[in-house]
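Each of the next two complexes has chain A plus one other chain: chain B in the first, chain C in the second.
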Partner chain A sequence: MPSYALLVVCSAILMFPLYVTVVFSLHPLTEFLKEDAPSLWPSFWQWDNYFASGEGVSDTPVGRYLFNSFVVSAVITLAQLITATLSAYAFAFLKFPGRNVLFIVFLATMMVPLEVSIIPNFQTMQWLDAHFTEQAWLSWTQIRWIDGYPGLVAPFLATGFGTFLLRQYFMTIPRELLDAAEMDGYGHLRTLLYVVVPLGRGALATLAIFAFLQAWNQYLWPLLVTNDPNMRTVQIGIAAEAANISRINVAFAGTIMAFLPMLLLVVAFQRYLVRGLFGGSVKG
Partner chain B sequence: MARVFFEGINKRFGDAYAVRDLTLEVQDEEFFVLLGPSGCGKTTALRIAAGLEEPSEGDIHIGDRLVTEVPAKDRDLAMVFQSYALYPHMSVYNNIAFGLRMRKHSKGEIDRLVRDAAATLGIDELLKRKPGQLSGGQRQRVALGRAIVRRPQVFLMDEPLSNLDSKMRVQMRAELIRLHRELGATFIYVTHDQVEAMTMGARVAVLNEGRLQQAGSPQEVYDRPENLFVAEFIGSPAMNLLDAEPVQVDGKAGVRAAGVDVTLPDALAKQLEASGASALVMGVRPEHLDLSVKEPAAAFKGKVDLVESLGSEQHVTVAIEGASVIARLAASEKIEHGTTFQLAVAPHHVQLFNASTKERIGP
Partner chain C sequence: MSAAAPARRLLPRPVREFLVALPFLLPSMVLFGAFVFYPLGKSVYLGFFISNPFRTRQIYVGFEQYRDVLASSDFVSTLVVTGTFTLYTVVPALAIGTFLAIIANQKLPGIVIFRTIFSSTLAASVAISAVLWLVLLHPSIGVLNDMLGAVGIPAVNWLDDGGWAVGERATGWDLFAAWFIDPNWALISVSLATVWMNIGLFTIIVLAGLQTIPDELYESARIDGAGRWSEFWHVTLPMLSPTLFFASVVGMIFAFQSFGQIQILTQGGPADASNVLLYSIYQTGFEPPFRVGAASVQALALFVIMLGLTLAQFRLVGGKVFYR
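Showing the complex of A and B:
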C-alpha cells in the first residue's frame, strides 16, 4: 500500500507540467496579463485558442509544421528500419574480419551526444547545399540541404542504437532456422526478408517507435538547419509562437497539438516500447 | 547414384579439431548412422556434408560430383534438424512449400507436391496450423515433410528424434525406416543413441573426439569392437572390461583377470602372442556371463551388489576381486542382494584389447 501511494505521488508530480499546459492552453490571454500567476483551473474554456480563425492555433502554420515533422519523422524511421535491419543482420549472422571491432565502433557512436556532432554536421550540410546549388545540372532537383528535408533527415538515417537493438534480438533467433533457410535455397537477402524480418517484427516495431519519437521531438538540429518558416518542424514552430508573448495561450494550445500525435503513438504501441527496453533480459 | 564420400576431412575451430582425418564412404540408398557421444564431431561432419560448414581440409563427393565448393542449396540434399527448425511464423503448408518456391515450380505443382508429402506423413489435416500449435511428434513430421517434398537424393538427419518422448521415438523410428524404404534415398543419420543406431542403421560409424573409431554393420560393431572406446560405448549395459595379463593355464595360453584364469581359443591365443602385448583389458558382454553352468572352467565369484529388474530380464552387478561385473540374466532367476554366486565365462566370448594402444587383439 505505501508503494502504491508513492506511485500516485510520483505520477502526480510527473503529470503536473502536462496538466498546467492543458489548463493554460484553454485560458484567455487576459489570464496571463494579470498581476497574479495564471489560475491552475480554467476559468473560461477558451477553445478558440485551438480553432478560431484569425486567433487560434489553426490560424498559425501549425498544420504545415505538423506536416513537416511528420515527413521528417517518417523518413527517418523508415530509413533507420532499413539500415538497422541490414547492419544488424550482418553483425548477428555473417562472419567477416573485424566484425567485433566494427560493432564496438557502432556502439561507441551511441555515446557521442548530438551536441558534439552538430557543428561538423552543419558544416557538411552547408557544403552540400552550396555545391548542389552551384551545380547547374542538379539545380532542377531543387534539393536543399539547408532549409530542406534532406538536411533535416540526413544525419539520422542510420544509428548505432537501432543496429544494437535489432542485433540483440536477431541473435535470439535459433541458428538452425537460418541453416534451414540456407538448405531451402534462400540467400541472405531472402532469408532476411522471409525469415528474420517476420520473426523480428516486435523488435522492428520497437525501433520504429523509438526512432519516430526521437525524430519528432528533435529541437536543436531542425532549429539549426531551417530558417524558412515553411520548413520548420512543429517543435521549432511552436517555440517561435511562444516567443510571441501576446499569444502565449495559443502557444500552449500548439504545444498540446504537437504532443498529441506522440501520446497516441505511445499509448497504441506501449507494449512494444516496454518489450524493447526489457528485450533479452526477460525471456518470453 | 548418390553415394556420399568424405575424403580426408579435417575441421578445425581455432586450435581444436572437431573432425579429424575422416574418410568414409556412404553407399547409395544406404541408411547410414553416425554415432558418438556429444562433442564427438558427428554433427559437424553432417554439416560439412550439408554445405553448412566448410571443411578445413578434405573433400566431399556426392554421387560422382565433387561438391566441396558447391553451395548447400545445389547439393541436392535435405536436412532435418534436431530442433526441427520450423519457421514459426508460417503455416505447416508454407513451411513445406518454402523450399519449393526457390526452385521455380509452378503454383499447382507446389500444391500437388506439398499435399503428396503431407499424405505420406499423415499430416494432411494440419496444413493450416502454425508450428506452435503442433505436438512434438507432429512437428517432427512437418520437418520430415519439408525434407521429402524436394525429393533429394540424400537426407541428412541431425538427432531428429532426441526431442520426442520415448514412446513417440519408437514409433518415429519405425516410420523413418519405412520412409527410407519408400524413398530409396541415401540417409545419413546422426545420433548419440545407440539403440537408434543399432535398430535403424544398415551401417554405423562410431566417432569419438573427431576421429572415426569404427564403421560397419551394427552387429559387427557390437560383436567385434575395434577398440576400447567402441567396446564401452556400444551396448547397454556396457561391456565388462577388466584389467588382465597373459598367463599359461595348464600349458595353454590364457589370461588372468580379477583372479580368474581363462583359457583362450587357439586363434585368439595366436593373435595375442603375435601382438606381444603384456598389459591387457579383457572384455565380456553382460549376456555372456552365465549363471546356469554347474562346473565352469572359468568363473567370477562374488557377492550381488545390485539387482535391476527390467521385467523381461535383470541386470545384476556382482562385486568380484578388485572390480565389479554386470550380468544380464533371465528375469526368472531368483537373485537377492548380498548372496554369493558364480558367473561362468565362456572363453569364445572373451574379447581382448591391448591396454596401452587400446586396440582390439584378435580376429
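Showing the complex of A and C:
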C-alpha cells in the first residue's frame, strides 16, 4: 500500500500545473480580474471557453492556429517518411560508389540543429519570398515563404535521424526476401513499395510519431517566419494569447487543446517512442 | 530502373550503380544542401561582415567581428547564464526522473498507469509547459505564491527578479555563494518549466535502462542481505550510470536549444538575467539593429558546443550505453 501512496502523491505533484491550467481554462474571465487569486476549483464550469461561438476557442484564432499546426505537422511527417524511406533504401540495399561517405554526410546533418542556422535559413526564406511569390500561379496567400506553409515546412522535409533509423531497420530484413522480389522481376521501386515498406511498418510508425510530435511542438522557426496572425501555429498562438489578459481563460483552453492531441499520441504509441529514442538500438 | 536497358550497359558499372541510387538520395541531398550545409557556410561568411540595419551596406571586417563578439563581456555573461541554466535543468530533471523511474519499475498491478503519467510531460512543448508554469508563477494570477504564503513562505517575484545576474557580477566563489544568497529567480522560473517538461523523457530513458539490469543481480544482493538503500547504491546506480550519462548529455543538448520558454516567461530579462545563448542569437539577429554578422558568430559558437555534445551522444548510443 505505501508504494501506491507514493506513486499517487508523485503523480499529483507532477500533474499539478496541468490541473491548475485545466481549472483556469474553465473559469469565467471575472475570476482573473478580482482581487484574490483565481480559485483552484472550477467555480462555474464555463465550457464556453472551449466551444461557444463568438468567444470560445473555436471562434478565436486558436481554431485557425490548430488547423495551421495540423497542416504543417502532417506535411512534414509525410515528407520525412518519403525522403527517409527513399534514402534509407539506397543505404541499406544498393551498392554504389561513395556510399559510406555519403552516409556519414547524412549522419552529420544531425549535428547541425536548426537553431544554429536560423539566420541564413531565414534569409533564404526572405529571398524565396521575394522571388517566388509574385508570379500569378503562386500568388494565393498560403503559397508564401514568409507567412505561408512552404516556409514553415521547408527546412524539415528531410531527416538524418529518420534515414538512420529506417536504414538500421531495413538492414534486418532477410536478404532472401529481396532476392525473391528480384527473381519475380520487381524493380527497385516495386520492391520498396511492396516488400520493404510493409515489413518496415514499425520503424516507419516510430519515425512518423517523432516527426509529428517535433513538428507540432516547434516554436522558434514558426515564430521567425510568421507575422500574420492567420499563419501562426498553435504554439506561437497560445503564447501570444497568454500575454493577453482580456482573453486569458480562452488562452488556457487553447493550451489544453494544443496539448491533448500530443498527449494521446504519446500515450498510445509509447512503445514506438522508446524504440526511436535509442536510434533503434533497443527493441521496445 | 531496369538494369537490362541496353543503353545503360554501355556505361561502366560504378557509374550505372550510382545512377540507380541517385534518385533515391537526391531529395534528401538537395534539402540538406539548402537547409543544413549551405547555411553553415553562409554563417561563417556572414561573420566577416558588419551591416547596417537594412543590409544595404556591408563592411568587410574579417575575423575582427569574431574576436569582438567572442571576447565581449555580454557573450561571457550569456555563457554563464546558459551554463547555470544547464545545471539547473539537467541535475533536477535527472534526479526526479530517476526517482520516478525507480518507483514506477515496481511490479504492481496498474503500474502502467503511473508509468504513463510520469512520462506524459514528454508530450508537452516548450510553449505549453511555459504557459502551464505561467499559471503558477504569474505576478497577478499565479497560484504558487499564495500556496507558499499559506505555509508562511514570503512571496517570490518569480519572473522579474534576476538576483545575482543583475548589476555588477560576482566571480568565482562569490558567484557561487550569490547563487544561494541572491537567487536568480527569473532563471529558476524558466528552469522549472524546462525541468517539468524534461521529467517525462528522463523517466522513459531511465526506465528503459532499469529494465536492462538483470534480476539475478538483485537476487544475489538480497541473499547478501542488502537493504533497499544499499541495493540502490551498489546495484542500481552503477548499472544505471551509462544511462544517466546518456540522459544528461541529451539534457545538455536540450538546454542549449532552449528558446521558447524564455521568450514566453521572461524575454531574457530582467537585465539579461535569463538571456541564454540561443535567445541572445535571436535578439542580436532578429531585433533592431539586426546585427546579423554578430548573431552568426554566436550561432557558430553554439554550433561548436552542440557538435561536442552530439558527438558525445553518438559515442554513447554507439557504445554500450545499455548493458544487455
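Keep this in mind: the second predicted complex is superposed on the first by the 232 of 284 C-alpha atoms of A that agree within 3 Å, B and C clash if a C-alpha of one lies under 4 Å from a C-alpha of the other, contacts with A are read in each partner's own complex, and residues count from 1 in each chain.
FYI, a residue touches a chain if its C-beta (ideal position, glycine included) is under 8 Å from a C-beta of that chain, and two chains touch if they have at least 3 such contacts.
Just so you know, these numbers come straight off a predicted model, no measurement behind them.
Contact with neither chain B nor chain C is seen for A:A74 once the two complexes are overlaid on the shared chain.
Of the two partner chains placed by the overlay, only chain C lies in contact with A:Q235; chain B stays clear of it.
Touch criterion met: A:L7 reaches chain C, while chain B stays clear of it.
When the two structures are aligned on the shared chain, A:I143 is found in touch with neither chain B nor chain C.
Look at A:L223: by the touch rule set out above, it reaches chain C but stays clear of chain B. By the document's definition of touching, neither partner reaches A:L29: not chain B, not chain C.
Taking chain B and chain C in turn and counting the residues of chain A each one touches, the greater count comes from C.
Looking at the shared chain after the overlay, A:A205 reaches neither chain B nor chain C.
By the document's definition of touching, of the two partners only chain C reaches A:I119; chain B does not. Legend: residue contacts after superposition of the two complexes on their common chain; A:M110 is shown touching chain C, with no touch to chain B.
Within chain A, no residue touches chain B in one complex and chain C in the other.
By the touch criterion given at the top, residues 174, 176-177, 179-186, 190, 194-195, 198-199 of chain A touch chain B in their complex.
For chain C in complex with chain A, the residues that touch the partner chain are 1-2, 14, 17-18, 20-21, 23-25, 27-28, 31-32, 34-40, 42-43, 46, 100, 103-104, 106, 108, 111, 114, 116-136, 141-143, 146, 196, 199-201, 204-205, 208, 212, 256-257, 259-260, 263-264, 278, 281-282, 285-286, 292, 295-296, 299-300, 302-303, 306-307, 310-311, 314, 317, 321-322, 324. Residues of chain A that touch chain C in their complex: 3-4, 6-7, 10-11, 14-15, 17-18, 20-21, 24, 32, 36-38, 40, 82-84, 86-87, 89-90, 94-99, 102, 105-107, 109-124, 154-155, 157-160, 163, 187-189, 213, 216-220, 223-224, 235-236, 238-239, 242, 248, 251-252, 255, 258-259, 262-263, 265-267, 270, 273-274, 277-279, 281-282, 284. Interface residues of chain B, counted against chain A in their complex, comprise 47, 50-52, 72-73, 77-79, 81-83, 85, 87-89, 98-99, 102-103, 146.
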